[in-house]
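Here the chain labels run A, B, C and D in written order, and each chain numbers its own residues starting at 1.
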Amino acid sequence: MEHHIVLRVVAKSFIPVILLFALYVQFHGDYGPGGGFQAGVIFGSGIILYALIFGLQTTKKVLPQSIIHHMTGIGVLLYAGIGVLSLIRGGNFLDYSVLGATPAAGQHIGIMLIELGVGVTVAFVMVSLFYSFAGYRQKDLDDPAAEDDDEQDSIEKSDQQ
Amino acid sequence: METQIALILTILIPLFGAVLIAAAGSQPNLREAVTIGTSVLLFLQVLFLLEQSDGQAVAVLATPFPGLPLSLSTEPLGLLFATVASGLWIITSIYSIGYMRGNNEQHQTRFYVFFAISIAAAMGVALSANVFTLFVFYEVLTLSTYPLVTHKGTDEARQGGRVYLGILLATSFSFFLVALVWTWNAAGHLDFTAGGILKGKIDPAFLPLLVALYLFGIGKAALMPFHRWLPAAMVAPTPVSALLHAVAVVKAGVFSVLKITVYVFGIDFLRETGANRWMMWVAAATVILASLVALTKDNLKARLAYSTVSQLSYIVLGAMLVNSVAVVGAGMHIATHALGKITLFFCAGAIYVATHKTEISDMDGLGRSMPITYAAMLIGCLSIIGLPLTGGFWSKWYLMLGAASAEQWAMLAVFLISTLLNVAYLMVIPIRGFLFPPRSTPATSNAIREAPFPSVAALAVTAVGCIVVFFYAQPLYRLLTEMSTG
Amino acid sequence: MTYIGLYNYWIVFLLMMTGLYVVIVSTNLIKKIIGLNIFQTSVFILYISIGKVAGGTAPILAEGYKIYSNPLPHVLILTAIVVGVATTALGLALIVRIHSEYGSVDEEKIYQNDPVD
Amino acid sequence: MISTHFPVLQVALPLLAAPACVVFRQATVTWLLALSVSCISFLISISLLWQAYSTGEIRYELGGWAAPWGIEYKVDVVNAFVLVIVSGMSSVVLVYARESLRYELGIRRIHLAYTGWLLCLTGLLGITVTGDAFNVFVFLEISSLSSYLLISLGPDRRALTAAFQYLVMGTIGATFILIGVGLLYMMTGTLNMADLSERIPAVSHTTTVHAAFAFLALGIALKAAVFPLHYWLPNAYTYAPSAVTAFMAASATKVSIYLLLRFFFDIFSESFSLRTMRLNEILLIMGVVAIFSMSLVAIYQHNVKRMLAYSSVAQVGYMVLGIGLASPTGITAAILHLFNHALMKGALFMALGCMFYRIKSLELNDLAGIGRTMPWTTMAFVVGGLSLIGVPLTVGFVSKWYLILAALERDWWWLAVLVVASSLLAVVYIWRVVEAAYFKPAPNTEVNEAPLSLLIPTWLLIVANVYFGINAQLTIDFASVAAADLLGLR
């Protein structure tokens, strides 16, 4: 990839914008169009683009496999944790109204955190998928971690709707 | 209360015995002591129940289904069967010790354990208080005798075991179970009740079908065409054959038939509706056909097997004549045939142990070297044929009396013809043994001795029993009339 | 006219049958997954098209709009799409491992090597 | 009160535990986590069952949104009973899984197996507990995806192709369900099950609803492996790790059958699904054909695990038959068989797992003489087999009894006879194993009895097989109340 100078330069300038846009979509998801899914996918694709241009090894220095594993788990835990938290605060599962001082504030906080959990999970699952498929030749054998992480995000979707 | 506990103990004693036998497996002497001890204990227990039998006691073991308990009761016919089975178990145990040791059989512990379990199942069949309990123990009996039939483990034994299990499970599941559910559906309960439970509850047009389902479903009664398992089970060691034919299995079958006829259908109900006709003829045909087949068999055990098929149908026929005299005859035949047939099987086994001969044509002149065995065999044959001075006389007498009082002259003829056939196929054996010159060279025939002592003792006891029953038939008769008159 | 007016169903139908056909006919495992995707996509389109309300706009609160399209099918299908992605990923992961074990992604060759009865 | 949140905790706990397994990665820790979560779910489901049985339906609104708009979890006796089956079997098999999975998978990937297991449990419990039609699809996919993963972990490389095969079939089935739900939404504008059942009668004459019904019936039948849509099952069960097979056989198809019941009788009415759509005849024929053809196929298998897999398809036939009889007794029989079959197949597959643990093969020929080398395991197999045959005093007899009773109530003698005659085929295939185990000489290799950690859970199920066979009062009560609930008689 050393000689693809155009690609490298363009990508370098684009990737921060992509990541920033992901954050925009993430944090405007509560009142406008957007949300954790879209944000997560955009964030993930920013990193995947980086990996495509600069190689898997370089990317793994930036984002080691172990971080990705933990982040996917933490994302789901954040999501389900909010549900349990609302239980503890005396509401039903995922009843955000009890999280803040007023129901409206509670809803705001709740949806924000939930979407964050979703966004984190989706982003890192996408990257983890890319890692395991792209790294397949080098390691010659799988890291089947990718397979099951995927299901986790399908769960979140389930409770999302 | 005491009787209830005693009832449950009749099942538990042999089961507990089985556990002890398994535990004592490494020491043959201890193991066999346990076997005999258990059998004696069980017999005493049953005698105790017999003493108690004023008024029926019921003991509930468990209630698997709402309104369908697993329960036992003291009921005359059941007590009779229990007495016969537990009494003969003692003798069979003694005999098998001689036989198994004499033949150096493999897996003797397994043999004794399953023997005890099958006796427990037979007790359950005998004392069952409803059809459901009967069915459950009937199946347990089938399964627990399977390892006994396949005891030798040869291909032939496995084949015989398959036929045995196949026919018995097939008939019981396909017919018996359906009949059972049908009865439950119609009558609302399954308790054995004097006078029957189906009267007025079921369309008489369907009744013959239900009778057929029960009679064919109880495959252990070996009604043709579901008799094949009996000859197939001949691969088993002789004590097992004795158990199957005389003590537990087939008797459990005909006993069930009798019990269901009397307590589920009710004799009067069957007679009024005439639902018994078809099965009466099937039983009559089995009596004659099986006797004819027996004539053609040269293998001693096979001949005895077909004789059993024929004799069992006497009992079914007695039940299907649906009057109290015939039913008493059928009940007595359970006991007398048990004594007679077990004697014959013991003799067959003794001959096998002593000479390793299985074909009748090879047994010429053996009576001279094995006099006790052959004397016992003669008595057994006479009892089966039904000559006076043996117990068999009484049962046949009442059966024929029943046929006469039902005015079924054809059935009377069937009894007479089959008696002649009995003479033809049974008497040959002792006659050849005593009167024909020995086939083999004198040198080898001198080497032939009586079988080991336990075996000979056992067969002598049963042979004497055949005669004793003739003189002491009174208690038997009283017990059975009590049942048939309700 | 009614039949042409319901053109969205025709598209759904066509895609669905195409997808199923590919799943059934192709022996290449990857193509099977592609067929499965087409099949699922047809259902997504079914859902999304029934959410459309004639003359309606996007379901965002704004001045001057009274009729909105039904957003629920879209939300549902978002979930279904994610499920589809997960299925595809898992399917591909399985294919990768099948390839490393059997050295082929062709069904016939795989079963030649290792008959599954 | 925490107990008001039981319906959701049931699903939320395994869901929380699954990512935690990924984070912890350590074999024993993840196992303990999975086991404790599963046991808690089991206790919760028992309490739910008791609550639903004594006080009636329990409703739970997710996120505090009221029913037709939000997602609602609804627990009545029917699904509480299935919840108990699924979580109970999962707990018992998890005890067993530790040793068995360690042997068949190796240490490295084991936390993934537990993650998948917990997700599968989440999915299955979710399908059962939810009162929202679309939610069913989502949970179905969660459980399916994780079960593809679990199957692909099998020790044989054919596990991969089996998992792939299942993935393709399962996705088609799930998508069919999605189509059906979509069409229903189109006609009624609701996804809530209770709402659906109110609104469907008004539009039930339309082709769209008929098509929706057809898609749903096919999709669910595919997941439940109803003959002739069972193609995926034998391979999947044969090559999956033993513990996974035991878990799946005892729970996955059961949940699908529950769905079938829920959709046929609750959402669509009995008269619509069985009479208007003529499904009862189809189900009856399919049931009978399944029982006989699959039992016959089972007889000719030389791999015992595959034999039991085919027998599972046949057993699903009994449940379908019960549904097809469409009477309270018939449905009771089907629900009873859900429970009873879970017990016996779970026990049988676990016994097979014990054998595999020691002799590394489940070919019939390799099992020669195992009755002497592994007496306890073989004894467990025999008792489980007797239960499968339907011998009295085992659970198999109880369900068969009710099935016959249901057939007789309709005066269908032939069916009653067919049902009992079919048990004889079970006798044949079980007895092939018994003969090999006891009456064939053992090879002269040293084989020990399976370790206690495998034997104890296996025998736990065997004892349950016998206990619920002798004392069926409890299960019959629940099943008959559940049937009455489904048919709207209570």
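Odds and ends about this structure:
The definition used in the following text is that a contact is a pair of C-beta atoms (placed from the backbone, for glycine too) under 8 Å apart; a residue touches a chain by one contact, two chains touch by 3 or more.
The shown structure was predicted, so the numbers you read here are calculated from the model rather than taken from an experiment.
Centroid analysis (C-alpha atoms only) places B farthest from chain C.
When C-beta pairs in contact are tallied for each pair of chains, A-D comes out on top. Closest chain to the protein centre (all Cα atoms averaged), using per-chain Cα means: D.
Per-chain Cα centroids separate chain A from chain D by 34 Å. With centres defined as mean CA coordinates, chain D is found 44 Å away from chain B.
Rounded to a whole number, the gap between the C-alpha centres of chain A and chain C is 23 angstrom. Per-chain Cα centroids separate chain A from chain B by 78 Å. The multi-chain contact residues of chain A, meaning those touching 2 or more other chains, are 144, 147, 150-151, 154, 157-158, 161.
Across the assembly, chain B contributes no residue that touches 2 or more other chains. Within chain D, residues 134, 138, 141, 145, 149, 152 each touch two or more of the remaining chains.
Within the complex formed with chain B, the residues of chain D that make contact are 386, 389-393, 398, 400-401, 404-405, 408-409, 413, 416-417, 420-421, 423-424, 427, 431, 435, 438-439, 469-473, 476.
Chain B meets chain D in the complex at residues 62-66, 70, 135-136, 139-140, 143, 147, 150, 153, 157-158, 162, 165-166, 169-170, 173-174, 177-178, 181-182, 184-185.
Considering their complex, residues 58, 60, 75-76, 78-79, 82-83, 85-86, 89-90, 92-94, 96-97, 100 of chain C touch chain A. Interface residues of chain D, counted against chain A in their complex, comprise 5, 8-9, 12, 15-16, 18-20, 22-23, 60-64, 71, 109, 112, 115-116, 119, 122, 126, 134-135, 138-139, 141-142, 145-146, 149, 152. Listed in rising order, the residues of chain D touching chain C in the complex are 134, 137-138, 141, 145, 148-149, 152, 157-158, 160-164, 167-168, 171-172, 174-175, 178-179, 182, 185-186, 235.
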